[in-house]
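Next come two complexes built around subunit A: one with subunit B, the other with subunit C.
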Partner chain A sequence: MRVAEKVTTAPSPQPGTGPVAGRSREGSLRRRALDWVPRLLGIAAILVVLEVCSRTGVLPRESFPPVSEIYGSLLGLVGDPGLWVEIGRTMRGWAVGLLLAAVLAVPLGMLLGASRRAFQMSRLVIEFLRPVPSVALIPLAVLVFGVGQDMKVFLVAFACFWPILFQSIYGVQDVDPVARDTARSYGLPPLARFARIILPSAAPYIATGLRISSAIALILALTAELVVGAPGLGRAIVVSQVSGSITQMYALILATGLLGWLLNTVFIAVERRLLRWHPSHREVAL
Partner chain B sequence: MRTAPRVGNFLLQFLLPAALLLGYGVWSAQADSFYFPPLTEIGSTFAETWLFERVPVDLLPSVSRLAAGYGLAVVVGVTAGIALGLSRRARLTAEPVVEFLRALPAPALIPFALLLFGTGTNSKVFIIALGTVWPILLNTIDGVRGLESQQLDMARSYRIPSRSVLLHIILPAASPRIFAGMRTSLSIGIILMVISEMVASANGLGYFILQSQRGFEIPEMWTGIVVIGLLGFVLNWLFLRVEARVLFWHRGAKGLLGESAAAPTADAAPTADAAPTSAAALTADAPTPVAATADGRGPDTATTPNVPSTARSSRPVS
Partner chain C sequence: MLEVSHLRKVYGSEETGNVAVGDLSFVVGEKEFVCILGSSGCGKTTMLRCLSGLAPATSGQILVEGNPVDGPPEDLAYVFQDYSRSLLPWMTVERNVSFPLRYKGMSKQEAKSATADALDAVGLGDRTKAFPWQLSGGMQQRVAIARALAYRPRVLLMDEPFASVDAQTRSDLEDLLLGIWERYAVTILFVTHDIDEAVYLADRVLVLKAPATVTTVAEVDLPRPRDQITTKALPEFARLRSELLSALRH
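Let's turn to the complex of A and B:
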């Protein structure tokens, strides 16, 4: 029940990447550059196919405007401050909710990870609450918080709380017992033990939890906007669909996807940089 | 031998849930809050609403949509994942598109789905399938890539027909990862099921809770939330059962390997439950001791989903 996300999102160590290590640096660089050829071809192919399908009427043009028009619309929107206002609203819900979840979940997770008794007492509650989909709480959140930013933040924070909590628990529980005992027998004060042993070994886990949660936060923020109508990108998508400007709807969906991709990329890059010393990040597997 | 503490531990688990329920029951009985009705009222409304009047009206459509969308995602994800896992070129070609679609929050596509399929069941199935396919696809790719190339070479040199290679070598080797992906997808699927039913829908659990809220039928809304929670819990539990059955060989092999190390911890909940199954995920290329300890947590598997990947990554080491 616990670590399912980790499987899909753990940084990169994949078995079967062993041989890469032996390859010469120059060769791997050239190879990496060559890898971009099929990638770009893939993008080009799908764009061309969509464009042709729409222009020739294989896909009904009114529901599937040509890709070029969608991109044109997106370019037009980029110059328009309105889009950035919507993105800002979505991102504010994302950031505040995520921050709130982290502030609550990291200390609690570390506490539960450190104390067996506390972990056992709360286990059933956590195991029961965790699979409960956060979206089930949308109606409650609307009642209590209204349809504005607070509701969005609550939903985001609730959904993000669990991955961060679990990762923090595992991170602390996974501290190498030898290191912990060594520190203790050398008489390191608790604070130093925490700062030098527990925090560093839990950090990669917490980082993974934050990365998972960042994607979840975006989903929840958009859901709050789409379903309930809180201001933001999600509502803008609905508005353009309802008002019949389909091209703009696609442009906004495209912008949302790019936003999600950007967030994920930034998170991975930051994680790599901050946790360079950790074994899981030492060798970039490709 | 140490039954007393074990019983104590067992009871300890129920202390907090019981206290919470009791606390809410006592508080809500006298609080007279509109949004948080008394526990007893929620209970009686639950019995009226869900035993079994609304089950065929709301629960069944929801579950069947989930099943259809999820089933579709499994079929597509595994098929495409095997194809992409085997061919590096195909993988690179598909990578940007997959990365983009994966990063795109599925709810953003609800308007698109409505445009494409109308407001009926199909649009919901589409959204569920679209949102749940990525973890399955990516895990299948990883699972197939993790296959030892010697096995494939061996199969080729023995001229084993490709169908058998697929069925007897590739699929079993990738199945622990496939299951890990399916598990992640299951919870995403439940979320998307609820969300998709909240927009332009005429029945379903999501529709029910949103309608109850809009009609200010607060106890009904709470029962809907409870039903969704129970559904998530039960499906998760069922999934674990199925996984344990299908991957029994995997667990069995692990159990033998880790027998000596694992036996003592099997019952001692704290250490066994604390098993850092994630250790292998994060430190697959770390020094041996880490992998070896992770491998020793065999019997704990019942509650730990990604043990499969743990096992695979640590097998070469041990």
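Let's turn to the complex of A and C:
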């Protein structure tokens, strides 16, 4: 039924406001379990209403096929290797771009967070570059990288760089001074202080940066495919639309929503495991 | 063992800054237990930060075992006033105690036994796998003390370590500390603003007045081992307490 939940948010593939962006705030598992019943009822109601509207013609059936047909089409696609190839292409852009951004932004952010002077020196440059919407760079990216995977990776990496950079800066700046002093008074050399105090303190911030960026990366990968026509799920959506397979178009949109939801869930699960010491993940005191 | 002469510490510039330690001189002998009494804000923590090499002195000299302090001395451990923040939440109790030991040159085996030993000494031998935030305040304080003990320091600095626990836990921790002090043969400089605690624990009590200048020195000749009930009932205890009380007032 999680699948169905996505349907309400999925058909809005506008660049910048993707389906995943709004789901970053996670409640506790317990609270979620309690919310379960009314939520499922709500989703079921919407699905039924959509189905009825489409079947009775309240909504024009050519542009709004019945929900059951969309699910049927998606089920059919799951058995088709073609869908997985497209998902693979989208995910490659997602992964390489995100990784590239992390590899560049985490060390740089930690450096800027640790050194006031470096932070001051780079501030203007950062404040100038950060507000540039990645999609505005599409023409430039096409010019430099063509219309293939490289262009996609560049857009993803550019967009993901900023949240990871800022989270890394905040993470290092927020290390508890008492923890720092503790390490110093016990004679830890600088490298050990970095590995044992600064890195673990900053880890929750960096993890949040990565999770936010994972959602952004998916949006940018799909945008590159939708707008420029780089191969992947986004282009497959456009192709379905142009060729008049509206049901399949909806099924693919649903698939992108599921993908975003899945990525977010995986990130949250990994965070929970690795950062279970952090106040936001702790079990309630025994 | 620990010699402080004409220590001065000014936050900010000498002219306009905040004088936290004015002119402080005292000596703590080998294996002595000295308590520092002083009202809030009189510069006790600042003094300890200078002694522990975390903050540079503005002027004056500090010797630990004859060596001038210009960084954290190897044989010194410092139990912070903010003990809960000095425990690292991503490490278990055991890791919190053991992580500094490797950098002191202990082998894995030595570090392991020193950790187990120190945690047993503070009565937490059964909570080694817990995280600090799963423990009560008093237990966290004992972890911080165990970490200092496992480090095998020759000098132990403690900053109001029992300020935030209830009276019963506090007297238990005091007795625990006295036992440890005898067993590990360390020199202790213990900061507090509780007169009874200072008299009960110390060989000698120094009273500080802002900006951290010694105004009174009281030798405590109460017999050891001490006992919460009988020691505190001695006439000498009452005399010392009123002497120190009036010293703090004036």
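Miscellaneous remarks
To be clear about the criterion, the second predicted complex is superposed on the first by the 247 of 286 C-alpha atoms of A that agree within 3 Å, B and C clash if a C-alpha of one lies under 4 Å from a C-alpha of the other, contacts with A are read in each partner's own complex, and residues count from 1 in each chain.
Everything that follows uses one rule, which is that a contact is a pair of C-beta atoms (placed from the backbone, for glycine too) under 8 Å apart; a residue touches a chain by one contact, two chains touch by 3 or more.
This is a predicted model, so every value here is computed, not measured.
Contact comparison for subunit A: of subunit B and subunit C, B touches the greater number of residues. Contact with subunit B, but none with subunit C, is seen for A:219 once the two complexes are overlaid on the shared chain. In the superposed model, A:157 lies in contact with neither subunit B nor subunit C.
Residue contacts after overlaying the shared chain place A:188 against subunit C, while subunit B stays out of touching range. In the overlay built on the shared chain, the residue A:135 is in contact with subunit B alone; subunit C does not reach it.
Comparing the two interfaces of subunit A, the one with subunit B and the one with subunit C have residues 176, 278-279, 282, 285 in common. Contact residues on subunit A toward subunit C in their complex (touch as defined above): 176, 178-179, 181-189, 192, 196-197, 200, 203, 275, 277-279, 282, 285-286. Touching subunit B in their complex are the following residues of subunit A: 1-8, 10-11, 13-16, 35, 38-43, 45-46, 63, 113, 116-117, 119-125, 128-129, 131-140, 142-144, 167, 170, 173-174, 176, 204-205, 208, 215, 218-219, 222-223, 226-227, 233-234, 237-238, 241, 246, 249-250, 253, 256-258, 260-261, 263-264, 278-280, 282-283, 285. Put simply, subunit C touches subunit A in their complex at residues 52-54, 72, 74, 76-78, 80, 82, 85-86, 88-90, 99-100, 103-104, 131, 133-134, 151.
Residues 9, 12-17, 20, 35, 89, 92-97, 99-101, 103-112, 114-116, 135, 138-139, 142, 145-149, 177, 180-181, 183-184, 187, 190-191, 194-195, 198-199, 206, 209-210, 212-213, 218, 221-222, 224-225, 228-229, 232-233, 235-236, 240, 269-270, 273-274, 276-279, 281-287, 290, 303-306, 309, 312-313, 316 of subunit B are the ones that touch subunit A when the two sit in their complex.
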